[in-house]
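Listed next: structures, encoded as structure tokens.
One chain, chain A, appears in both complexes that follow, with chain B as partner in the first and chain C in the second.
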Partner chain A sequence: MTARLALRGLAIVAVALVAIGLLPVTLVAAVAVGVAWHSGWQPARLYRAAAWSLPMLAVWLAATAITRHSLAPASPQQAWLALSRGRYLAAAVLIAPIAVPAGLLAGGLAWSFRLASMTAQAAGRSPAAAVSFDDRQWRHQVRAAKALIAAPGAVPLLTARGDFAAGAVIRTAGHPAGRLTVLPASRLRSHQIVIGGTGTGKSTLLLRLWAAYLATGLQRHAARLAGPPLIVVLDCKGGGDARRIADRARRILYETGARNVAIWPDEASLSLWTLPPRQLISTLVDLIEHGTGGAAYYTDVMEAVVMLAVEAPPGPPASTAEFLTRLDSGWLSLAYAAGGYDEQLALARSAARQVPDIALRFRTLFRRLGPGLDGPGNLGDADAWYCILEGTAEVAVAEAQARALVDVLASFVAGPASAAGQPPRQVLLAVDEFSAVARRLPIWQLYERARSLGLSVQVSAQSWHGLAARQDDRYRLAATAEGGIWLLGTPHPDPVTALAGQRAALSTSRQLAGRLRWTRHGSSQLRDVPVADPNRVRALEPGQAAYIHHGGVTFTQVKRLVAGPAALATAPRDGQPAAPPEPALPDSAAPDTMRLATGDRLPDVAGLLDAAFGPAPGSPP
Partner chain B sequence: MTQGAALADAESAALLFTAEMYGLQLDQLAELLSGTPRQAKATVARWTGDGLADSGVLSQGPPWVWLTRRGLQACGLPYAASSPALGRLGHIRAVAAARLALQSVPGYRNGSAHWRSERRLRARIGSQRAARDHLPDAEVHWPDVPASGVSPDWAGECWAIEVELTPKTVTRTIAIMRELLARTGDYGCPAAEARVTGLPPRHLRAIYLCSPAATGTVLRAREALGSLSARIEVRALPPSAYLPARTPA
Partner chain C sequence: MTRALAGGRGAGYPVSGRKYLLARPLLAVTRPIRHGRPARLAVRLLAVVAAGALAVFATGWQPASLSVMTGALTWLLCTGGSDLARDRRN
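Entry: the complex of A and B
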């Protein structure tokens, strides 16, 4: 025991003597370790700094060789001499070429040793020291990341290589450690999941992801690699908050390069009736909630009647009013009475008793859905559609709207424009607050079809359980999220963090020597710990996110995109939708525009134009 | 004012007109100067002699005249000097003919209307964003109080002028009409101000001047606009709008 203590004492003395003998190197190493501790740096950063200072050493050696015709440096002796004469600045300049790289390297090694011993719980006064050390380092890393995102221009939306920068790195595990959280642009075109509760910065992250998708999409389009980008956002929460976010999204997307950002259904409409007849039948039947068992019979009757109405000889209906007109046994019999439709005519007559009930259900449905799906308007009219679904106030309506909008989107993506040999549009479907419509929106079906359609799907929810009603569906969604999972502050992150897997880590036990005293004796063993620490995720502050991808995690301080001044003149009341939409305005026509279009009559300029160009085409001479 | 001074005034105005329209054919210059082609030719000879303009036969029909860098500098216009693009000669002639036709109407002169050309709009936007914003072929601004003192009913309005020689698709035409009617900001303004909810639209009307081939498409697009169609006026281009080689469909 005594011999061991003596050896330890000797070692300390030897280290101290070396440290004093190499005082400049020791000073640089001490400063480097101090800065790394204060800023939460990894040792690799000190090694990189040492490598970057090597050119200074090379120049100094070259200068020495040229002036003294020898590679043996004299400056250490000269530095000591200068130091003894009190010329501290001269001493520092003379020794810096050697001391800086060596000091940084030594500091990196010392810091690496410290981190490793703390991670293995082998250092510190008590076993709990490792925990407090890690917490302290986390705070330092957060502080450095916040400082980085606060610096103007330090975190661009896209890097020079066209990759997406989400924010500043706080900490990584299993991912490369850099200053910025950088994702390849291709990752944005894959399916992603975002999970975060209210007030955690989810909207900020989503806006940044959408802007980056648009920016990279425009770059690809300009390079003729793909068609123009299209973003369709389904905000399934609704209410005043949704409209505020819609306005913010519009301003950010305009500044990113979008020409038209349509807000549905407040300012723009889409047409359900442009769907191909077969798809239209399927969508219309699915809009009505129906049961199983005995109710399946009525579903079959309803599907037959809808098919008769849609595939009637005059062609598919062009509007809700036309469709409802057709849900009449007299109309159906007359439409198919022309000959050659005996089978359909017989079907129409046999279903005549149910037709009024079916018509009543559809009339009620379309009254609740509002005019937003009655056109005119096409998804191709805008670069981005922000669709507000009142999922909080009217869940059933939001579910039906979501179903219809997704069908319209799928039809648009697979439509004739794509088949005509033009490069397909890059489409992102972002479903925010997915839990509000998860019951009737088979998003995982779309996930599986999406890749062939060139469609990327991004689902966001408040929690893991909000992703889908069944555990199987949640895991199916998570497993196909090739673009990664963004996890913000949430109380139950364990299922998602488990997806990042585990890694081996050293765990050391210490022998208790007395009350709150531990010896340095003990044993170490390897054990598996989660790559993404769920407790760390639970404690994430607003604006912080954990990006889980490919068995690794990057904790990020997300950089907020700043939009231009507010564009909404008046904020709608919470929980209530804004004024009914003006049809046929996929881009942001102002309320005054509506007034001009519908109310006040413009002065007649026909006289002036007739005098200059003649009468209008088609008008009487 | 002496006859010489009036002539100099007219020529200065014609120089500005030529600069704004990218270039003119000699017959249009003669119409602008209210003179004969021979007088127009003499004017062009003076301009070219002074280094203000250049001329050449770019298409069938009369020669074209356009301003040189020195001419543009003399007009105080910050445009890049170049001859009219060969692929746009038909369109340039049609827009110039539309402007001449509109200027010939007393109501236009009495209203002190101002023609803001596409070249000026493009110069405001800059080359980078020009590809993304759809630019009208011109804007016509009607001042609230014209010099004549008698305001027309439409005083204070700004119109977008669109000249359609060849038909686009109906969908594309609808998109352009909506973009024009929904715009709230001036060209070259920050993107966030281009379409701002709550602000009055920049273009109260869009005037479509169409060739016979394009008229059908434009009328169908206008019908599809619903209530907004009240803000779209459609007229035929004047007969002088076509290049001699072009036969209206």
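Entry: the complex of A and C
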């Protein structure tokens, strides 16, 4: 015991002597460790700095060789001489070529040792010191990440290699640690999930993801690798907030390269009636909510009547009015009376009693759905569609609209344009606030068949439970999100963080020597800890996100995209119908030809003010 | 005045852009500075100049002072990029 203490004392004395003997190196190392601690750096940063200071060493050696015709420099001796004479500045300059690289290297090693010992809970006065050290380092890392994204041009949307940069790295586990959170562009074309509560910066992240998808899609299209990109956003929350985000999304997408961004149903409309007849029948039947048990009979009758109306000899209906006209037993009997349709005619006559009820239900449904699905527009008319569904005010209507829009999109993706030999369009379906329509939109089915259609699906929800009604469906969604999961501040992140898995970490116990005193004696063991710390996710601030992918996590300070001036569009008044829908503009139309909505309300210039002066305090990001 | 701007021709004639060809490279160089953080970049430049001047002042033109100047310039090259920006929005 005494021998061990003596050995330890000798080691301390030896280290102290070396530190004093190499005082300039010690000073540089101390400053380097201090800066690394203050900025939350990893030791690799100090090693890189040491490598970058090698040119000064090379210049010093080269200049010495030229002037003294010898590789033995005189600076160290001169430095000690200058120090003894009180010429401290001269001494510092003379020793700097050696002290700076060596000090940075020594600082990196010391900082690495300090981090490793704190991670193993083997350093610090108490076992809890590791926790407070980690919290302090987290704050320092957040501060450094915020400083990085504050620098203009520091976080481009796409890197020079065409990869997507989301923001500045705060901390990583299982992912490479760089300064920026960079994802391969292919990750954007895979399914992704975004989970975050209100005010956590979800919209900011989504806007950046959409802009990056468009930018990479345009690059691939220019390189003739794929068709032009198309983004379809279903904002299932609705209301004024959705319209404000829609305006911001439009400005950002225009500046990213979109030629035409349509906002549905306020400014543009789509046509449900362009669906192939079989698909149209299925969609129309699904739009009506059915019960179970005895209601199955009624569902079968409804499907038969809808099929008769859609497949009538004059061809499929071209509008809502035409479809509703056909939901009449007299019209159906007359349409199939021409001969050769005996079976259909018999069906129409047997269902004659139910037809008025079915017509009433569809009349009510289409009145509630509004004219947004009855217009002449086509998804191919724009580079991006921002569809606002009033999921907060009218859940049933939003569910039906979402179902119809997804069917229109699936039909468009698998349509004749794709089959004609042209490169298929790169399509992203982003469903924001998915929980509002999750009950009747089985998105995981779309997930599973989307890859064959060339469709990427991005689902965002307020919480893990908002992803789907059943736990199985939630895990199915999460398991197929090959593009990764973005987790923002949420109170229940455990199911998602568990998907990142666990890693082995060293844990050290310390012997209690008295009241709040611990000795250095104890034992260490390996134990599994979560790769993504759920407590860290719970405490994420607005604008911070944890990106989980392939058993690793990257905590990111997301960079906000700044859009151009607001489009000065007005939201429809509460209780009044929206402006009549217009068809989307053709591809050739320039953005500045988009119609400006008129009205006697003052325009919403919040986006412009945000862009000019930053977000207002307390406002959602 | 209009006549002078139009190179001696009357108003309504297009002005030759040749004279602006010289300004374009200058603009390309200055744009990242203007879109970035010019004040911080200026401070970095001043720091480099000050370090070099102090080194020469302290020891004269010696290998060590040249080395310090090299180190300061390397630091400027490594860190000055964060004060430049091609696009103000990002």
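Quick note on the criterion: the second predicted complex is superposed on the first by the 537 of 621 C-alpha atoms of A that agree within 3 Å, B and C clash if a C-alpha of one lies under 4 Å from a C-alpha of the other, contacts with A are read in each partner's own complex, and residues count from 1 in each chain.
Simple rule for what comes next: a residue touches a chain if its C-beta (ideal position, glycine included) is under 8 Å from a C-beta of that chain, and two chains touch if they have at least 3 such contacts.
Since we're looking at a predicted model, the values are computed, not measured.
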{"item": "Which of chain B and chain C A:L506 touches, first, second, both or neither", "value": "neither"}
{"item": "Which of chain B and chain C A:N378 touches, first, second, both or neither", "value": "first"}
{"item": "Which of chain B and chain C A:A396 touches, first, second, both or neither", "value": "neither"}
{"item": "Which of chain B and chain C A:W60 touches, first, second, both or neither", "value": "second"}
{"item": "First, second, both or neither for A:L83, with chain B first and chain C second", "value": "neither"}
{"item": "Which of chain B and chain C A:A498 touches, first, second, both or neither", "value": "neither"}
{"item": "Which superposed partner A:N260 touches (first chain B, second chain C, both, neither)", "value": "first"}
{"item": "Footprint overlap on chain A, where chain B in one structure and chain C in the other make contact", "value": "255, 563"}
{"item": "Chain C residues touching chain A - in the complex, by the definition given at the top", "value": "32, 35-37, 54-55, 57-59, 62-68, 70-71, 74-75, 78, 82-90"}
{"item": "In the complex with chain C, residue positions of chain A that touch it", "value": "52-53, 55-57, 59-64, 67, 73, 75, 87, 89-90, 92-97, 100, 148, 151-157, 255, 559, 561-563"}
{"item": "Chain A residues touching chain B - in the complex, by the definition given at the top", "value": "247, 251, 254-255, 257, 259-260, 267, 376, 378, 380-381, 563-565, 567-570, 582-593, 596-598, 601-609, 611-618"}
{"item": "Footprint of chain A on chain B - complex, ascending", "value": "98, 101-102, 104-108, 132-133, 152-154, 171, 174-175, 178-179, 181-182, 184, 190-201, 204-205, 207, 209-210, 215, 219, 224-228, 230-231, 233-238"}
